[in-house]
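The first chain written gets the first letter, and so on, giving A, B, C, D, E and F; residue counts start at 1 in each chain.
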Amino acid sequence: MGNEMNILLEKAEVLIEALPYIRRFNRKIIIIKYGGSAMIDEELKQNVIKDVSLLKLVGFKPIIVHGGGKEINSWLSKVGIESKFVNGLRVTNEETMEVAEMVLNKVNKDLVGLIEANGINAVGISGKDGRLLQVEKKYSDGADIGLVGEITKVNPKILFDLLEKDFLPVICPLGMDENYKTYNINADDVACAVAKAMSAEKLAFLSDIEGVYKYADDPSSLISELHITEAKKLIEEGYIKGGMLPKLNNCIDAIKKGVNRVHILDGRIAHCLLLEIFTNKGIGTAILADQEEKYFKES
Amino acid sequence: MGNEMNILLEKAEVLIEALPYIRRFNRKIIIIKYGGSAMIDEELKQNVIKDVSLLKLVGFKPIIVHGGGKEINSWLSKVGIESKFVNGLRVTNEETMEVAEMVLNKVNKDLVGLIEANGINAVGISGKDGRLLQVEKKYSDGADIGLVGEITKVNPKILFDLLEKDFLPVICPLGMDENYKTYNINADDVACAVAKAMSAEKLAFLSDIEGVYKYADDPSSLISELHITEAKKLIEEGYIKGGMLPKLNNCIDAIKKGVNRVHILDGRIAHCLLLEIFTNKGIGTAILADQEEKYFKES
Amino acid sequence: MGNEMNILLEKAEVLIEALPYIRRFNRKIIIIKYGGSAMIDEELKQNVIKDVSLLKLVGFKPIIVHGGGKEINSWLSKVGIESKFVNGLRVTNEETMEVAEMVLNKVNKDLVGLIEANGINAVGISGKDGRLLQVEKKYSDGADIGLVGEITKVNPKILFDLLEKDFLPVICPLGMDENYKTYNINADDVACAVAKAMSAEKLAFLSDIEGVYKYADDPSSLISELHITEAKKLIEEGYIKGGMLPKLNNCIDAIKKGVNRVHILDGRIAHCLLLEIFTNKGIGTAILADQEEKYFKES
Amino acid sequence: MGNEMNILLEKAEVLIEALPYIRRFNRKIIIIKYGGSAMIDEELKQNVIKDVSLLKLVGFKPIIVHGGGKEINSWLSKVGIESKFVNGLRVTNEETMEVAEMVLNKVNKDLVGLIEANGINAVGISGKDGRLLQVEKKYSDGADIGLVGEITKVNPKILFDLLEKDFLPVICPLGMDENYKTYNINADDVACAVAKAMSAEKLAFLSDIEGVYKYADDPSSLISELHITEAKKLIEEGYIKGGMLPKLNNCIDAIKKGVNRVHILDGRIAHCLLLEIFTNKGIGTAILADQEEKYFKES
Amino acid sequence: MGNEMNILLEKAEVLIEALPYIRRFNRKIIIIKYGGSAMIDEELKQNVIKDVSLLKLVGFKPIIVHGGGKEINSWLSKVGIESKFVNGLRVTNEETMEVAEMVLNKVNKDLVGLIEANGINAVGISGKDGRLLQVEKKYSDGADIGLVGEITKVNPKILFDLLEKDFLPVICPLGMDENYKTYNINADDVACAVAKAMSAEKLAFLSDIEGVYKYADDPSSLISELHITEAKKLIEEGYIKGGMLPKLNNCIDAIKKGVNRVHILDGRIAHCLLLEIFTNKGIGTAILADQEEKYFKES
Amino acid sequence: MGNEMNILLEKAEVLIEALPYIRRFNRKIIIIKYGGSAMIDEELKQNVIKDVSLLKLVGFKPIIVHGGGKEINSWLSKVGIESKFVNGLRVTNEETMEVAEMVLNKVNKDLVGLIEANGINAVGISGKDGRLLQVEKKYSDGADIGLVGEITKVNPKILFDLLEKDFLPVICPLGMDENYKTYNINADDVACAVAKAMSAEKLAFLSDIEGVYKYADDPSSLISELHITEAKKLIEEGYIKGGMLPKLNNCIDAIKKGVNRVHILDGRIAHCLLLEIFTNKGIGTAILADQEEKYFKES
């Protein structure tokens, strides 16, 4: 029994170690942009759901924002519609929009079901519910890419109401313009806009990269923490490329608008969310305000 | 100007006539099962949305429950899945369920968008959100018809919460069993179960018939009001047939469980909902408890 | 039945037309100065009561302020007291004050009874209750006109409390000075002071004129909408005369102090209140802030 | 200074003596039927107002019910209407009713003014406000005595609302029948009905007698405390006569319906209300339930 | 880094394992009787404080009840008072009581300080505060043992108030009789009485034994779970002796009065409280209602 | 009986005289620094408790802050520790601190018991509970005097919470530094700091002097009221000496930080607190802001 007891004691110690982190984020709003591998790999998905459920149960206020790119492609091809992209944005005609809305809502309710299975009350909404997200048509370098929306206004009442009633909101990236027409929105933009509108404590992106690299192809150049002035400099000097560019700009903007910390996490690591929040180990890249103190060095 | 003023005065009189009805249903819960032609015809759809919006604005608490049969069929055929029915219930394998969930949630959010366009805050949920509807597998005369669910428990907390926060809930008929697997549910059953669980004041079915006929093929035999004892007798004596049979049984059950009045309305008539609530004109058939007084005679 | 159904449909359409107006004034405070013919003619009186009851029921927050000039005169003569006026203000000695207080409170409770008969809970108060209206002695061009009060302070707590508890407050124009002596107050002044103290959405005067005329004797010169700068100019240029002069000054002051719109309505037109609020037809004259957009042209 | 200090100390002792009584009636509802000499003599009136104000300030919840008999008579004669009584009830035709309503509401608002002058927020209502008192026509031994009402229902919501908002309600004895017609009511009946409907802790009648005498004309036969069984026996044995008979029956009924103690106090004694509540000295007669312990002996 | 990451992942797994337990005891009241070695050994003390702080932070509602036997003895000897016991109860004269009250309150505030140091707001009270514990003099087999109290009434308002305001209450075992004289009370009795009065979910005794042994001297006869019928049988058959006898009777009584589970834990094991609540490992002995299912076998 | 009645009437008059004072301090926070003779003399103590209980019952919000100097000395000598003072501050080593904490908490709970005996719910706390008082080590003219604390922060949440729940807080002067180490604090400082942090209406010191004398040894030079500018001048000119110097500086500071009035009362006069609050007789010295009007002249 001695060995068994030792294992138990170690477990108790882990729980006790979590104390200061639980205290620190008590009742704080945490926006989680959920996407990439963590959404496709069944085990990673279960991990994320469990992580978020734990955050909710110990008193934090997590909100999930998700995309659904790969499932949308798969259904478009099932019904014989070709997927087209311009500058990484899906060209969205009426037919495509219809399929996208169906798939995104289905993915949304699947996540709700998984969270409910962990004993947490979740509600799946889009940006249409409670007029959460108002948009206008977005152009890509002047090109018409159809029903792709740029967020013009966030009405967070529905989110505050659901949190007050102890639900975990799950959001899919759809919105309506002033004529109540439905638009597709980039999920990163939604996560950022919601985080800003709610003055969230934290905004975490689960993505398929380790974090921000100084040199795009050199994993050893991963940056643990970035003040926004440094981030802007990296951008100006041309280090940041591809999909990371709009994401990092989003992060900088979120920090400026009052979000405390933004994290780019490697969603391929099991429980990356818990590790980021409950340990001193830096996972991925944290973007912070210039006056915030850094904890880690570049690895 | 005289004539114009007369028209205005008549309008004022109509509003004044509504006073006793507004007073009577103030803060009362009204469940509306929305389906049939009223969901397909674009003008009828706009009418229903406007009616429900008005009910909300003048202080009632409407909740919409909708189906999506025809759109599901159309999408199933698009992706090459055959629609099969046993005793009027859709045989629902995994693939069919997936399409059904996508379509129902799309229809759900479309309705939300239309209601928002009338200036009312709506939230679209399925029976999975907040674990609203718990089900078990349903068999049709012993036959396995797949993922079709029988409601075993309603958790109306999410609906009371949304009403308290002044939202109009829109529900699509999906639920989960005790293993959190998703099932398709008959929308009439959902409307009935929700009405009972919330002790609704009124439950109204918008359908494609005028109401209950004594003789199925004889429109002149429409019954305006039915005490549940009479309804049960009509059933026993074999007058009620087809889809009306389960619907009427549902109505009788709702009345027994505390719903005040159940209405079978002709959704093909514009504003049938407003007419039923704001006038003394009987539209369709009302089912009532034995001790309730009748207002109309059989026409 | 066809024709009957058409009439019903028209009624439904009228209700639906009211939707945007109900939405716009939802939970807004509307002060109604009730006087003139609309208070004497029994049918007009019933109309006003029904209009206000409807406003209350559909979610607005109406408050009635009334006078009682003609009934006071009649009772004064019954007890052998002569009615005297200086510049339109009643010279009020102790005896007159006593009769005036009796009559005003009786009129007040009569209105309460009529509103209760429409199923709305009303409470009749004077400016003495809850120390609603504090006054000081008013002089008319230096002349002592007795117990006529100028409002020095409004304590609207009692009104907010009654609205919170879902009552419709009915106010008669009496107040007390700092020695708790009772004074008669001009009812227009009370309506204005209350509207300003509560930042009411709307202040409507039911009077015995069509509205503001540019040329006092020319009904064709009725002005539908007046920005306050225009109103001030009309006054300066001497167009406005008699009882309209203090009323219009009151209106201008109310707009300046935060009331959104002030209306001078023709109380001799049935349902003028409903017509003003629920239709696009301009009834009487609307006074509005300079930055507010006009809807109508001068007729 | 020594003497002055002694006086101060004695004052402090008096306040300290009040401690247990203040504790005992904290937040308790006390209905005070105010009438007779205490309403006519200016000094007694000031005393009553001060007593009630003190009760309110130290945390009790007093409610005043008043009559106005003598002022009504005086005004009826001013306008040339004869006062007629049948079995002590005023025969009330339409004209009389009109004058009575005016006078009662005036008396009501006068009391409100006096209470406000003591720094307490008061609201004067009749039984018409908030539909507080519903009545039906009362007959006196079969004789039609006009608009005299028998209370059939009390809706105490308005009183609980006013108490919650920290107002002192002052009630005049008018009510409406089911056709919303106004009736005169006996003020003792109103006090009793309100005390019962609110389960008041105490009901105190300020009247012009010392209390209940065993022998009507013998002041030495004053009874300090009466269990209701004793009271009923006194009535059966014919000791109780005149106006005391309905009053005592009212008291017995109030005790049966849950009022804790009823007091018949001598309103001609200054501060009789305070003395009854804050001292061990029995003033007047207390009526109590059979199981309640008596404190005093018959004097 | 691989190894480091493995350790982190294991930590994450431990947190995830806690999910169902956190969910199960969310917002539940847990009474912890704190005493014995866990109160003397500085490291064990820190462990208990951390355990309780964690329970508080993850949403449970822990309340600590503590004794102070050893410190009282030590201070009594410092001031030259001899400690005397009869049947395990301290004979408590006035002088002893004074020292006991000083020491218990000091111990109480020391615990408050330690909890505050963990970032949790605590309030230290005795049974005198808010009249929490009312007692009468207790006799030990008829012998007068001085100021030792038997609890006659618990007024848990102060505890519910402190929990509502998010404090962690720490209670020392003192109470007052009906003359407001202070008494010493057995801390086990206090824990039991409070658990019953609040219908606590759980009552846990931290003591210096492994749990209940069937054979007092045989550690291998430790019983993991006991239905109360079995417990009563063990007592009747004479297996239970010494201090365990009143403790076990207390446990049985608590279960009967609505406490869900009572635990006798070995306070000498680090984090025994966490281990009991967050793992499936049975620590000590659980007493449960007869209808409750057992989880463990006797070891 | 006449004479008896006169006495009763005089008592009623005393209660009525209290009306304006009760109204003025209704729901106001009053901090009472309790110490000196009033804490030692058993009758004076009972008087203070009764005074404070009355203040609580009539709707004020009193808070008691007490010291315990003499009892600490007595217990220190019992356990053989010498009392040492530097500049009037107790030199507090670990052993002394331990005894001081025991004694102060005992005195605290004794007061709680006495207040409870008057039917008021009290809670005894130190500055450690709810982290009410944060301190840092204080030096006396550079000399290390051990565990004596200077208040650096007040967290009044616990006091507002207890008042909201209708308790009377009793505070003993202990606090913790940032390492959660316990310190002794001067009780006058605590009273001042709490009064400032809560923006108290009044702060009253019960001390063993008549008030502030202009000439320290001349009782005839007692000052009834002092504006803070006058007080500062007296200090600058060297009139104020000894223990009065820090006390007066404290008073000046409290007025500057928003406390309305500070009183130095003679605690040796029975009911000095009631006399100060409920009469126009100036007891002791009142310190007031420069713009406040004085009521009394120097005697």
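Annotations
FYI, a contact is a pair of C-beta atoms (placed from the backbone, for glycine too) under 8 Å apart; a residue touches a chain by one contact, two chains touch by 3 or more.
Remember, predicted model here, so these are calculated numbers, not experimental data.
Counting only chains that touch, the fewest steps needed to get from subunit C to subunit E is 3. Counting the residue numbers used at the interface between subunit E and subunit F, over half appear in both copies, so the two copies meet with largely the same residues.
Mean C-alpha position of subunit B lies 68 Å from that of subunit F.
Here the spacing of subunit B and subunit D, counted between their Cα centres, is 55 Å.
Not a single residue position of subunit C touches two or more of the other chains.
If the chains shown are joined wherever they touch, the resulting network closes on itself as one ring, and no chain has more or fewer than two partners.
Annotation: chains form a contact ring; the order from subunit A, going to subunit B first, is A, B, C, D, F, E. Residue ranges of subunit B in contact with subunit C, taken from their complex: 4-5, 8-20, 22-23, 26, 50-51, 53-54, 57-59, 118-120, 269-271, 274-275, 278-279, 281. On the side of subunit F, the complex with subunit E involves touching residues 75, 78-79, 98, 101-103, 105-106, 108-109, 112-114, 116-117, 121-126, 128-131, 157-158, 161, 165, 167, 174, 176, 180, 182.
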